[in-house]
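In what comes next, chain A is part of two complexes: it sits with chain B in the first one and with chain C in the second one.
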Partner chain A sequence: MRGLRKRNPRGQARAASWMILPYALHFLVFLAYPLAFTFVLVFHRWDVFTPMEWVGLANIARLVRDEWFLRAIWNTLVFVVIHIPLQLILALFFALLLNEKIRGRTFFRATYFLPVVVSGVVVSFVWLQIYSYESGLLNQLLALLGLPKLPWLTSRALAMPSIAIMATWKNVGLYIVLFLAGLQSIPSYLYEVADLDGASGWQKFRWITFPMLNPTVVLVIVLSTIGGFSLFIEPYMMTDGGPENSTLSAVLYIYRQAFDFYRMGYAATLGFAFALMVFAVVLIQRRVSEGEAA
Partner chain B sequence: MDRAKEKHRKPLRLATSVLFAGVAIFAGGCGGRDTSGTQHPRLVYWPAANPREVELARKLVAEWNRLHPDVPVDMQPVPESQSTEEVLLTAIAGRTTPDVCSNIWPGAVAQFARAKGLVPLESFADFDSLVRARLPHGLIESYRQVDGHVYEIPWKINPVLLEYNVTMFREAGYERPPATYQEFLEAGKRITKDRDGDGVIDQWLMLVDFRVKWWLRFFDFYAFYLAASRGGLLVEDRQVLFENRAAVEVFRFFQQGFALGVFPRSTFQVDAFLLGKVASHTTGPWNIEHVERYKPPGFEYDYAPIPVPDSSCLPPVTYGDPKNIAIFTTTRWPKQAWEFVKFLVSREADLLLLELCSQLPVRKDLMRDSLYAGYFMSHPKMIAFAEAAGRTQGPGSVPELKEIFDAISHEFESCCFYAHKTPEQAVHAAAERAREILR
Partner chain C sequence: MRSRVARPSFSLGRTGIYLALGLGAVVFAYPFLWMAMSSLKPEMEITSLALWSSHLGLHNYAQVLRKIPIFRALLNSVVVSATVTACVVVFGSMGGYALAKLRFRGSRPLLAVILFTMLVPMHVTLIPTYILMVKLRWTDTYLALITPFAVSGFSLLVFRQFFLSVPNDLIDAARVDGCGEFRILTRIVWPLSRPAMATVAILTFMSSWNEVLWPLIVIKKFDLMTLPQLVTIFAVGGQAEAQLGMKLAAATLLALPIVAAYVFLQRYFIESMATTGLKG
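The block that comes next holds the complex of A and B.
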């Protein structure tokens, strides 16, 4: 290689240019251009069908006054706060179980992963039946126990936690796989040494497993934060943002502005504001995680 | 440049040429219109995609093609999507609209017109004579857009009425549903009960689909608002008009219904009306065939006007759920398209519409024309709808209509279902949001 570079450095550079061309084109067409176009839209009113109209900062002024968007952001934060710890704890718990040599381990691993590959629409539809007030599985179980039925999706207090539980059920398989990979990369001699020292199971988890899994924990938190902020299919399919906007997520609200009401300029403004917020949250999260690791 | 380098570059050049040629061909192919310069007119017609209307369209197109072999029409149901409006707006943006579509919801016409997707129909010489012959006096003015043009020909109408279970009302001591709010709710107290004695209510007065989907409000809030306000508009000249007593009374009526427990707090996965779980619900004439097909033995039902506030005494106006016909600006054959539209709204075509789809043509002489007498004789349930057809109103024509209904829908849910706001507060909040939308 070294000889080749010496022989024809310009030719190599040209070949490299050709090689990066596909990605460069993809980047320009599907990332850079849409991003630039979206930024232009922030200062325009546009319904797709008629020419754009320059409105200056009107979209930003509207955003500042928009109580529903603030509500949507709050709802999304509530979802993230419920969903992430729940997902982290469950994924770690099941990964620890599935890391043991138990009978039918492969079957269980596949079963836990199954919801991840099923369409979100299908999963939402199934859970809609489970949560049904009149005839849902959960309320039938409560009735069998002599307990009153619960309005899982029609109560402001319960609707978002219900969605968070469903989203956790759907996604936990993915994070179990990540934790399993993390667990299997921990050198076994650490546990052997701990055994020789007479460490208990909890002590081994506290002082070996958990610290060694720290990079995986950070990865799971970052991924599920980004996934959590993208909450869309579940409220779109199950509650349409209700009751009383209590499950209206930021992405659902942006979608409605863009594709229900054709306010592309305003939707672009909301999108930018929300993306900046998510970026800031993930940045803070990373700083905190890195600080703790150090 | 030496030969070796040239040799290596040839495949790259070839690949680049192929790539650019492919892009050029693809871009050319994306035009979607026939550029062959053919002079033979050929029209594309999109009817609604439900089986009944597709059947109607198939028959009408076959008859047209038999009579006009020089202007053949290709029928294609509106492509599947969440709504026809969504499909048409996308088609307008992509310049892939048909020549004629007969599933035009007037609430979307302002948007289509703003996008310059529709042909103004008054530009055709015999437009006025067609309107005079077919439509009730002055009706066409309600379809005139702010730019002064009319882009749709009123075709069919489905007045929303109260469908009720005769037996359940009779058992409660009523021959038909009471006409005013208080009497109606009073009847609800007698009808709502635990029929099987398990301690749980299983029969209610009226089914209200309280989900926040904006279009559901046409069948509760809007139908009741039109009845209460005698056809009052929601918005006119971009001014919000619904912050008034009628809207407050409608909100209060639904709030009381849920508070009293005479409206169920559940959306059923089954047909609650046919199963006898609810004594009434609002619907249009399309439901007659469904009820006739699936009703249990001995099931008696009928139709009544929408209840009105206690102070009201005139026959109520209701939502007409109209669907109209329009010609798109992408047509290369506007004259032929207009002739086809006239064929679609002819007397004979309207009779087929009644017979095949159980939907009412917008026709001033519908109940007097001898051509339709036989149909109404054999379908007496349709008479209530035909009589109500003259007292209907469309959704209005403002591009932001969907958003305004969405705002109303959220306040409706908050006030009527959850009782978290008074009717006055909810109507005010909806009006404020509508003003913000229209700003």
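The block that comes next holds the complex of A and C.
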């Protein structure tokens, strides 16, 4: 067979270069060029309309002292720190329930997954009505239970947690499905052996299910970290970064610098710095998880 | 998945399990049901928690259609998402085929480059890509909405992975018969790879349909706006003059096509994302 495959290596190489061409062009135009250009922008001031102006390290000096950017990063971290654990726990909980012998698994799974496929715009808009102070669904529900109304999106303390809860609701279906696949790949003889040894339900979860799910947990954490750090459309639509900038996310801040104030050089610098941070966080997570696995 | 032996039982008991699952279903489905039903209610009754009203009607939809070019936006979204999906499937399968089945110099480094580019977050390339669009005078054109998404490294990887399992004998036999590589791809490999094509197509279509940040940046003309963009501007901006019912109708129209697709292709949607771990 090898001989046959080598029959026309030059023809194969020519075909390959044609087949790779679209990707190669796209890579040059939409990745290599933008990356190189970002690097150039970092050292310039530019408002798009007038020529670029060399400013040396001024953008970086400005970034280091930019309290707003720090604030935006802090807000994004608050979001991620609430969102990821909540997501992990809920996803694991529902996946464990769905993994039981139950009727209607397909129906439940499909329902939990529904918010994943619907546009973030729709979700943000509906949750705006759910969180509304005067007539929101949640506050009506609280009133029915005889509890006081809560300023879900209008108080500094609650706004970001509210957005994190909504984002969890939107994405948890995906992670339920990932956990379910992980659970179903655990060989059942492990549980049979544990049964012979008289292990309790909790012991089986702690010493079989949980360790065997470790790769899925790592995947879920990495995916939701990357997703979490790109938080944009929710605060953009729901709070416009308020109240008092408590929901100003890093991407929203970069967007405003670029497209509201036309500070392209500075926005590129922010984007570069933020991407490096996310990259570092993901690398650390991978190191930690590999360290645990070893 | 099949032939399941008894698993460690949750300590909730069967009733508890169904109760928790049912509560979950209500929590995940109710907001969408509420949105759809409220869009049919008169303005006075909208904020009620109840789903039903005796005055359901399409008046909000009629008003939305009069106020904003929603059919034009729907058409734009369909054109853009369909074109992007077709391009990603065709170009992705070409690249994936070259990586999986053709011998050429640089195929290993290429694979490494693709993996690396998938780690570059979109925040870095957003601004320069916008500037590129301005320089090319592509802002306010379909080109700006399509070209940046027309090829994806992710699709190359999915196709490569799938094509590796296509037997070489089959391809070699076609080569012996004098079949060119492009014809082998379209006549032999494509018909064998429907699952991979469905996965890539669903993920691409969904993320293209739901994309809103990029259109907000490159499109300013109302006639060229995509549906999510138009709905965002409509719902956030003052266009609806605080008419909640109209905003809900617009949001429902935005959700409807993808939910309809999801209802029919539910299994494929879920499997696509479960196997790749991505939301597109």
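The criterion applied here is as follows: the second predicted complex is superposed on the first by the 277 of 294 C-alpha atoms of A that agree within 3 Å, B and C clash if a C-alpha of one lies under 4 Å from a C-alpha of the other, contacts with A are read in each partner's own complex, and residues count from 1 in each chain.
Heads up, the rule we're going with is that a residue touches a chain if its C-beta (ideal position, glycine included) is under 8 Å from a C-beta of that chain, and two chains touch if they have at least 3 such contacts.
Remember, predicted model here, so these are calculated numbers, not experimental data.
Colleague: Just to be sure I read the superposition right, which of the two partners does A:Leu150 touch: chain B = first, chain C = second, or both, or neither?
Modeller: neither
Colleague: In the superposed arrangement, which partner chain does A:Gly242 touch: chain B (first), chain C (second), both, or neither?
Modeller: first
Colleague: Touch check for A:Phe261: first (chain B), second (chain C), both, or neither?
Modeller: After superposing on A, A:Phe261 lies in contact with chain B but is clear of chain C.
Colleague: On the A-aligned overlay, A:Tyr133 touches which partner chain: chain B = first, chain C = second, or both, or neither?
Modeller: So A:Tyr133 only meets chain B here.
Colleague: Check whether A:Asp47 is in contact with chain B, with chain C, with both or with neither, and answer first, second, both or neither.
Modeller: Once the two structures are laid over each other on A, A:Asp47 reaches chain B alone.
Colleague: Who touches more of chain A, chain B or chain C?
Modeller: It is C that touches the greater number of chain A residues.
Colleague: Would you tell me the residues on chain A in contact with chain B in one complex that are also in contact with chain C in the other?
Modeller: 11, 18, 48, 132, 135
Colleague: Flag every residue of chain A that touches chain C in the complex, lowest number first.
Modeller: It comes out as residues 1, 4-9, 11-13, 15-20, 22-23, 25-27, 29-31, 33-35, 37-38, 41, 48, 93-94, 96-102, 104, 106-122, 125-127, 129-130, 132, 135-137, 140-141, 169, 171, 173-174, 177-178, 180-181, 184, 188, 191-192, 194, 201-202, 204-205, 208-209, 219, 223, 226-227, 229-230, 232-233, 236-237, 251, 254-255, 258-259, 264, 267-268, 271-272, 274-275, 278-279, 282.
Colleague: Touching residues of chain C toward chain A in the complex: what are they?
Modeller: Contacts found on chain C: 1, 4-12, 17-18, 20-21, 24-25, 27-29, 31-32, 34-35, 47, 49, 91, 94-95, 97-98, 102-105, 107, 110, 113-114, 117, 119-132, 134, 147-148, 150-151, 153, 156, 168-169, 172, 175-176, 180-182, 185, 206, 209-210, 212-213, 217, 228, 231-232, 235-236, 244, 247-248, 251, 254-255, 258-259, 262, 266, 269-270, 273-274, 277-279.
Colleague: Help me check something: in the complex, which residues belonging to chain A touch chain B?
Modeller: Residue list for chain A touching chain B: 11, 18, 47-50, 65, 132-135, 154, 156, 240-245, 256, 260-262.
Colleague: Which bits of chain B are touching chain A when the two form their complex?
Modeller: Touch list, chain B to chain A: 5, 12, 89, 92-93, 111, 114-117, 211-213, 265-266, 268-269, 399-400, 402-403, 406, 410, 413-414, 417-418, 420, 436.
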